[in-house]
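My questions all concern the structure below.
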Amino acid sequence: MNVLMQSDLSAIVEAVNLVWVLTVTFLIFFMHAGFAMLEAGQVRSKNVANQLTKNLLTWSVGVIVFFLVGAAISTIVGGVTGGGSYSVGGAFMDIWYPGESTAWVGWLFGAVFAMTAATIVSGAVAGRAKLRAYVTYTIVLAGVIYPVVVGFTWAGGFLSNFHDFAGGMIVHGMGGIAGLTAAWIIGPRMDRFNADGSVNVIPGHSLTFAVLGTLVLAFGWYGFNVGTAAAPLAMADDGSVTLGSFSYVGRVALTTTLAMGAGAIGAAALSMMKTGKVDTLYVANGLLAGLVGITSVTDAVVWPGALVIGLLAGAQLPIVFEFVEKRLNIDDVCAVFPVHGSAGVLGALLFPFFSVDGFTVGALVNQVVGVAVIALWTFAATAAVFTVLKSIGQARVTPEHERAGLDTSEHGVDTYPEFGKPDVAADGGIT
Amino acid sequence: MNVLMQSDLSAIVEAVNLVWVLTVTFLIFFMHAGFAMLEAGQVRSKNVANQLTKNLLTWSVGVIVFFLVGAAISTIVGGVTGGGSYSVGGAFMDIWYPGESTAWVGWLFGAVFAMTAATIVSGAVAGRAKLRAYVTYTIVLAGVIYPVVVGFTWAGGFLSNFHDFAGGMIVHGMGGIAGLTAAWIIGPRMDRFNADGSVNVIPGHSLTFAVLGTLVLAFGWYGFNVGTAAAPLAMADDGSVTLGSFSYVGRVALTTTLAMGAGAIGAAALSMMKTGKVDTLYVANGLLAGLVGITSVTDAVVWPGALVIGLLAGAQLPIVFEFVEKRLNIDDVCAVFPVHGSAGVLGALLFPFFSVDGFTVGALVNQVVGVAVIALWTFAATAAVFTVLKSIGQARVTPEHERAGLDTSEHGVDTYPEFGKPDVAADGGIT
Amino acid sequence: MNVLMQSDLSAIVEAVNLVWVLTVTFLIFFMHAGFAMLEAGQVRSKNVANQLTKNLLTWSVGVIVFFLVGAAISTIVGGVTGGGSYSVGGAFMDIWYPGESTAWVGWLFGAVFAMTAATIVSGAVAGRAKLRAYVTYTIVLAGVIYPVVVGFTWAGGFLSNFHDFAGGMIVHGMGGIAGLTAAWIIGPRMDRFNADGSVNVIPGHSLTFAVLGTLVLAFGWYGFNVGTAAAPLAMADDGSVTLGSFSYVGRVALTTTLAMGAGAIGAAALSMMKTGKVDTLYVANGLLAGLVGITSVTDAVVWPGALVIGLLAGAQLPIVFEFVEKRLNIDDVCAVFPVHGSAGVLGALLFPFFSVDGFTVGALVNQVVGVAVIALWTFAATAAVFTVLKSIGQARVTPEHERAGLDTSEHGVDTYPEFGKPDVAADGGIT
């Protein structure tokens, strides 16, 4: 018979929690493949490599910046605005040299959320933003803009009563608003709008890649939402072990699933009403909007509420997309605002009406304030960066380069050298 | 020193089991990306968006129907046909308002299996089925047809002695037979067969997407098979903890792997024998047929049996495909019957010959009866739905729409606007 | 109150470890989808199906050979060269009929590493190697060449002091060197080099698939590296439980992430210096080179070292690629040597300079010797196989077949029948 030590139980609890957090972190990382495919599919073939490169560099540059700077900024902003104790040097040292190396698992878990917010923006400014402008903005976002939002909220700042379970507003809403702002300042692709404000549609080059990206994102989203129930087990001070965040993990799994399905149905229904046909891209983006809508509240809504939030998040997509396009004349290439921005806002604001704890005015106020602060900060900071870039002529490529495509001008490559033009390869002639 | 409470151990067991079930559930969900790519690659470019939309809506509509109706139907059918006690109202309430929200994890685990069965059908009726016909069938399948099969078997019905570990027959065989039935009733694509019964091959538009889908499916299949060993730990009534289904998880991992490899080799060998060349699509589909073949028996066959079952499942693929095409003149576009149907039947029937428990006539009888009942029910129910749809003129699109492609007629989109025709986009002219 | 049995704790430890190992094994398996897409994207459209078939058969044939032969060879070579006790018959029986079927989980974990090494080679010999030559080599690699390397090192052989945590040299370096050797012996694709040694670039047919493959590989790589911390929990002889390999899992997660990002940045920077543009394929391959570079040392380097190793691994990529191409005139189609070979060597040799234990000459000697032995063995064995194949005229396809494309000559298929040539399908005419 064994004499059980406290340390045995602690080790088990820690191992189980680490297994889970690592697994979901990998799933969330894989969302970069989803974003890359979703965005690549929605741009023209002459700009595909540019979009892919931006996605690769978002992660590569952003994650290093978030390690060196961003994560610590979150802690500091949380301390400053939340009134908690903090130390500037300590905040950095906790990331760079934590007492236990397992702390780096927690850092990586935070990093994959940060990089999700970052990569959303690339879809809005596709086809004309300079690579160096985009990378510059990514550095600022990963180092400051997103960490400040986290500081306000999850890191204990003054919005800590804002209910956003997995980042429907903090990550997706923030990313969608940043994208819209950037697309507005940088201006539309050439010929996108006529002088009278009427619209020319520029279709993406591959619905197949776009839908592939959608399904990869949905897969990763299970990591994103269900994974935010990050500690399967909890150990109390007296050493007793209970289900930690897994006590509500079933609700997260269910409401995420129902809202995803309802989002696709809502967008399909709107598309059917408008045109009599079921637009494939609306269905795909509606599925994602349903996911965005539920993300902030997935742990704490009743499941009929998940169906309603999903349906509305999907149904608003075609409406908001057309509003941005036709009224605002903003060229949000990959529809990142209707998918991530307005759907994220919607979910956060609807929360009190479907909360498992019932409606309270206080909860609604918290949600409104939280959404407003995050939106304003994101808008202001993003506008500042792109205004500076624009003022020094670094925001977008030249018209010649835009016409030729960014693949050639920024990267010197041709994404599909054998399709749509004479075959130039030399290994035995034209097939 | 810690005083260990029973509750500590219970929490650990539950958390470990939940971590595992959630992880594999996500993998199985990801199979929808696999099916979407596999099927999209095997249809013509004018029908790709249609295929993708069907895949997105299969999940989106189906999973909600399965939550609201299907899961409870399984329980009721299991009770009715198995002689167990059940309550109609209770069966629904157990899904809608279970005592513990963690029960919803179990529901989602069941749902991803159900949706796998559903999505198989779309590959068989590609290129001519009306979207509304397909969605209608999906609703019936998710709400009734599949749940009845589960009721007969896993949910304790009269076929509970049928050995089908992870759904080689219950999920894949059922889906493959449903697909063949639907393709038969709905009729072939125009020009697929000549008046004399001879065959015109209509190649899919992208082998790359088809193979990508194959490998995504194989990845998810590890979740499907190994994940059906769903409870790593078991706690006995006296509180003692042992490996639960993980006591045989190594066999599942091994036999799944060997049968997958052998399936590809079997199909490659047949292809080589028939044409002197190794057809890529046969290799890919053979790999999948090997997986289907082993799925029902993966926990309980000796590993040489896994090699034999995989080889035969792969080798039967080209033969059955040609039989369906040339003899039956049924246009099973994505070969779902040879991959899922006949391979699923084969695996289930071969089980007794390679069982770790040795051959018994009783086991063979159980397998034959199980396969027969599932096949008959699936055929009859599917035939009924599509016959009704056909009789009211809603089963397939008009010849004009079929000729133009379903992407245009049903969805108003062009999957590849820059390839294969003049460039119509407006942002700076033709590249 | 529970009376805790030793067996309870043992079961929990085993279950947690199995959950983790299975999860990461599936992720590593998924790297085959990554390799398939990465390589398919980098070959011409007339050779895509050939590349995909090779990837499918690498896994399918290789994993069976590794089960029947390879795994046992590792054990035997480890025993022979390491001086430990071993039994030839026992080595095979331990794989075929282990006492506990859970042992097969460990076998599968080893197998996915072996198959990674195998599949790297296909990228180097793309576009001209005969399918039967490639499959023959795969059988030898899976049965002997790779198992011998594992025998020398991880299986307790005479290089057991060589530090290679997750296979940066043992898997990737080995695969990259094998690929270069094979490409050298088999000769370049026709028209790749002119008579004066100058170079014709043959661009791949789809950067989108190449980048998709890159991101799938990066996803799987978390399984590869972090998963090699394979035993979350350890149980001591006295029954006490502690974190096992998870005590350093945070370092692995961090350094893998930083080196990946730095690799992309290093390659992007070199590309920018050379041409003023950021080549997309260099960024993608640089990200992978960063991962390769850190793989051998990820558990035991300080994180600034991970940044340096990643940057250098990325930066060497364009330089080594051009050296192989322009100086050696070897046609390494998918750049497998600069990505896997030289980056793997680099990481292993830099280890002592960034070790958490500080620099020692002894550690450097171990690394140099280990790299040299693995490189020599891999080169010699690979050269022998391909020399034999070449001498009997079975190494590469005829010039006619190469010109027409291997898809037609080896597989009888057309990967993209609707793009780039007249539409030949029969279902309603040309769209």
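To keep things simple, chains are lettered A, B and C as they appear, and every chain counts its residues starting from 1.
In this text, contacts are C-beta pairs under 8 Å (C-beta built on N, C-alpha and C of every residue); 3 or more make two chains touch, one makes a residue touch a chain.
All of these numbers come straight from a predicted model, not from anything done at the bench.
**Q** Same residues or different residues: which describes how chain A and chain C meet, taking over half shared numbers as same?
**A** different
**Q** Fitting on CA atoms only, what is the rotation between the copies chain A and chain B? Please report it in degrees, nearest 5.
**A** Between chain A and chain B, the superposition angle is 120 degrees.
**Q** So the centre of each chain is just the mean of its C-alpha atoms; given that, what is the distance between chain A and chain C in Å?
**A** 31
**Q** In chain C, which residues are in touch with two or more of the other chains?
**A** 3-5, 8, 12, 16, 19, 23, 206, 212, 416, 419, in rising order.
**Q** Okay, in this complex, where on chain A does chain C touch?
**A** 1-5, 7-8, 11-12, 14-16, 18-19, 22-23, 25-26, 29-30, 32-33, 36-37, 40, 48-50, 52-53, 55-57, 59-64, 67, 96, 100-105, 107-108, 111, 131, 206, 209, 212, 407, 409-419, 423-429, 431
**Q** If we count contacts the way the header does, which residues on chain B are in touch with chain C in the complex?
**A** 3-6, 8-9, 12-13, 16, 19-20, 23, 27, 44-46, 127, 189-192, 200-208, 211-212, 214-216, 218-219, 222-223, 226, 232-233, 239-243, 246-251, 253-254, 257-258, 260-265, 268, 275, 277-281, 283-284, 287, 303, 307, 399, 402-405, 419-421
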